[in-house]
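Two complexes come next, and they have one chain in common, chain A, joined by chain B in the first and chain C in the second.
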Partner chain A sequence: MADIKFYLPLFIALPLSGAFLVSLLGKKFKVFSYAVTVGVCALMTFISLSVYFGEPMLGVVTYKMSGWPLPYGIVFVVDALGLLVLTMINTVAFIVALYSIPYVKRYTASWKYYTLYLLMVAGMNGVAATGDIFNLFVFLEIASIASYGLVAFGVEAEELEASFKYMVLGTLGSLLFLLAIGFIYALTGTLNLADISQKLPLIDAMPKNFIIILLIVGLGIKAALVPFHSWLPDAYSSAPAPISAMFSGVLIKTHGVYALVRILFNVFGLTQMTSGIFMFLGSASMLIGVLLALYQWDFKRLLAYHSISQIGYAILGIGLGTPLGVLGGLFHLVNHAIFKSLLFLNAGAVEYETGTRDLSKMGGLREQMPVTANTSLIASMSIAGIPPFNGFWSKLIIIMAAVQANQYLWATVAVISSILTLASFLKVQKYAFSGHSHGMFEKIKEVPFAMMAAMIIFAFLCLLTSLPVVRERLIIPAVNALLDGRYGEKVLAADKK
Partner chain B sequence: MIYLLTLVLFCTGLYAVLVKKNLIKIIIGISIMEYAINLFFVLIGYKHGGVFPIISKSDIISKPYTLNPELTMVDPLPQALILTAIVIGLATTALLAAIAVRLYEKTGTFDITKMRKLHG
Partner chain C sequence: MFFSNPYPLTPDLIQFMKQQGMTLIVRTITRLTVGFIMLFGLYIMFHGHLTPGGGFVGGVIFALAFVHLMFAYGKRVALKKFSPSSASIAESIGALLFVSVALFGIIAGYFFINFLPVGKPFEIVSAGTIPVSNIAIFLKVGAGLFSIFLALTLTTIITQKTENTDEKIKL
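The block that comes next holds the complex of A and B.
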């Protein structure tokens, strides 16, 4: 518990210095670039997980930079929610980095890939750890700019077009967020999240609602909620598969959902209006995402539309505002990070061996690629909500919470979306892995060991996170941290210690 | 009143992004939006007739306006923030321009209606 305080800056310093070293030396020493990336991510995963094996984390830990006291200085703040997000980011980053080693070999200049990858991880860790709203913007932009570059990594016309589209919309989202920061600073005269939360109750409702709308639109573009989702399917299907896994697994969650929820719940306080908008956007994303996914034949595009849909579940759960709903929402975020990353890695493995993403051209891959087929079966069952895999429990909690909160309409939408998700993944299993092969892929074999290992770890995590102990140790403290109305007081008190 | 002008500037940029078909014009539109927000930030810190926010020991004795710095001095924090935002904007614009150039090499056009490989 006391330890995390000293390790907190490492979450930003390690990947940043790793990116620097890789860009300096990676061109000459190929091994160095991925050894550093995997090593840095493994170390950060170890640090964040080791906190959970100690005493349960209840309070707030702050790290002051250059010793300035709180309303003036810049702090890193981590509470149970921040720690959960940090753990999620670094675990997924570590496993995906492992997968990247063989996958990225087919690109020239793979060291550039690892540099951008580490920069993206540094930006996401910064978003999760910072206690200052402008710092949050800066880290958001670090990760965003690295991710724009990664989408365009293949430099074909398709990738460049997707990257351009993503960049225009992403920049618009960032600018609206910056505008919201401007309004917040004009009203409260401070940039520290804890201090803002102390001063906001004195402000009128009208400008506050305006800022909330700006934040929801700005960060909603980053989270790809439904009216703002158009960049996502292009960017995901064009990016290299490990990057799609990182995007879907953690990037849109830290950028969109975590930043939005942290500011709107802990700083502004949940209002009726925010809750209503969250539930509406969540349900719309859920239903429209899955409907658009149903008729896709591009494997990664189909998964991309499902990302929109599953983020909708999390937003609906969190938007309910009840402890059970928030529990379901955060639990679903963690589960989605695991099974959707696994599915994108599966899609990447299939593309790596067969060279196609078109489901109608695949078939009978189960015989040649048993590991990929079986792990994708586990992931499909998780996302479709079949017990005992993790997706079932989180969807069940969200639907139960919606019924308890008397939101029957949204609960029905959630159930319908879940059934459609199942239908859509039956299609994936049927066309890609079972059935007869068309004779084109007789000679293919299973993917290299590192890619197999990454997929197997994720498949294990799918089962592991459905254990109740995970819920008790990881998720429930985060729920308490999110619903605690005294975020600002706690941070200011922790700073005085 | 002057705040409304930044809003007009922002909407000009937004119009360019939404309506224009040329990649370069879209990039210019994004830059215009950035400048509008930068101007907005600077206006937050601006005070009419304010002085620069530096206090030295001799000033405290000779110039009485330093007694109430929050009333007479310009707020320096938004300017510091905007320096950061400008640097970020530079990175974004450079990357956008680089990708636009690569797209031109691949497709031979800057017109977005002619490069519809994706349809999301």
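The block that comes next holds the complex of A and C.
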């Protein structure tokens, strides 16, 4: 239906102009600030989803900024993988923006929240749509700096500490990524991803491996893989709940996983070394994340450790390098965006009503908050991998792919982590929603309508994404785009048209 | 001791710190030069497409003029000239102008395309959208840099216990 080529710059221009309009007028007109945010996110969701209802997109679409041809100009490039990530970002951003309307009313200066929120969305859309490695870095920094501000939005001691820690580690990650870009530019003399991929085969293996290590460490900090994960639990548990949902749902995926995978698969080409590092880091994240999550009593902190663990699944699947493994990894990314965002919204709803995140103080909330309890049950079953919810299918594909690739050790680790995930979410359900109430929260009621609506939409998406049609229309073209070794040639050819 | 403060907060020093701004010499020279510094910033900005410099450099020079004013006369005088809310408005307008220049390009064919007539080289009205973008960047960078400087100064509260005074000194 829609020709994505015409709309591509709007993914960056719309949220940016929305952000500055909100910062100009949002202080005077409160309604304006969230109306613009929800409107912009809804429009972008509509544009990105409408592409899927037309002809299936097989090739690569490029958009030359101000008409300059490659490799001199800056291009936006979108293929099936980029489109999948764009759709994921904007859908989650739209639903979370809906949830934010009542949630953010309790903070002063809520228009600042919406400005930063739209800037973050603009940065993430830019990362997904750009075809230039330095532009990728700039958009990554836009989204990161907006997110440092959003973590500290409550300006309590805990939030400021978390934000500072996140800022230091995030800046370190950006710095290593910038260093890698510097080396790439020194070796190839170009910053365009397609052009780099054409010139890299002429470079020696030694500097190339060094760049790969820099990229894995730098973007691994953004993705919160296990040795680099220490910023994540603090940042997630102290940010406002919609922001935790955005972080876990899309921010670490676009910043960490998408950027890493796009550069290492399509530009550098997957090697034995990269694949081994991916599988090791993925499995370590999976197991250590879930083990650390088991004994948490803070609801959001528990979910934060599970984010590390679930990103590990995606990295393991993608790192296997087989079509089935990459399918499982990308499918799990999409599923995780849905169910983990839902779980963070549930945690936010509980905190909104009871004022606590401590699981041991809750109990018996199912009677007062039926919508929250039931949607969280669906999300818990999804994340724990119980059929027919979406998490089951993606985990099944990843484990099958690991067995097929003769990686029995990593397959076992994945199964064990899945069982431990189930145990940990049984604990959440038992202590928060079932059981006896402590008598402290007799008078609370269900959350406002917009928050309920957001949670119900996510719960429906949990079921909807387990349909085979989603896999065929959304994920498989993205897998083909990622495993296609001719990314650079395709982009350069599309640019000549 | 090894770590003792070489400049203890004596009552005289506190009185000096409470007084806003600097000495008469500095104030007079600032009064004479601040207008020229701003003019130079505007010059750099308007000639951005002809000579080295541009919106960013012009904005930095313009913001430094206000920083200069704040050093010489203290915070109150500088804030009266350029308040944080007007800085915020200027910043938003600059950014919006820049994005809309880019968006108008879509009508002419491409995002960010130079749709205005290019004109003769080395004339002040030439180069199409570049001077407009320079003005936008000037507003954004000038107001933004000044806001950053304000944010750094507004939150500085030094608390230090001395032998005779026990009060909080707000700089």
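The working rule: the second predicted complex is superposed on the first by the 495 of 497 C-alpha atoms of A that agree within 3 Å, B and C clash if a C-alpha of one lies under 4 Å from a C-alpha of the other, contacts with A are read in each partner's own complex, and residues count from 1 in each chain.
The rule we apply is simple: a contact is a pair of C-beta atoms (placed from the backbone, for glycine too) under 8 Å apart; a residue touches a chain by one contact, two chains touch by 3 or more.
If you're wondering where the values come from, they're calculated on a predicted model, not measured in any experiment.
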Put chain B and chain C onto chain A via the superposition and say whether they clash or fit.
-> fit
In the superposed arrangement, which partner chain does A:R473 touch: chain B (first), chain C (second), both, or neither?
-> neither
Touched chain A residues, chain B compared with chain C | B
Give one of first, second, both or neither to describe whether A:M65 is in contact with chain B, with chain C, with both, or with none.
-> second
Is A:K5 in contact with chain B, with chain C, with both, or with neither (first, second, both, neither)?
-> neither
Give one of first, second, both or neither to describe whether A:K199 is in contact with chain B, with chain C, with both, or with none.
-> neither
Which superposed partner A:W231 touches (first chain B, second chain C, both, neither) | first
State whether A:K361 touches chain B only (first), chain C only (second), both chains, or neither.
-> neither
First (chain B), second (chain C), both or neither: which does A:A162 touch?
-> first
Chain B versus chain C - smallest C-alpha distance in the overlay, whole Å | 6
Pick out the shared contact residues on chain A: the ones touching chain B in one complex and chain C in the other.
-> none
Listed in rising order, chain C residues that touch chain A in their complex are 88-89, 91-93, 95-96, 99-100, 102-103, 105-106, 109-114
Which of the residues in chain A come into contact with chain B in the complex?
-> 134, 138, 141, 145, 148-149, 152, 155-158, 160-165, 167-168, 171-172, 175, 178-179, 181-182, 185-186, 191, 230-234, 237-238
Residue numbers on chain A that touch chain C, as the complex places them | 9, 13, 16-17, 20-21, 23-24, 63-67
Touching chain A in the complex: which residues of chain B?
-> 14, 17, 23, 26, 30, 33-34, 37, 40-41, 44, 77-78, 81, 84-85, 88, 91-92, 95-96, 99-100, 102-103, 106-107, 115, 117-118, 120
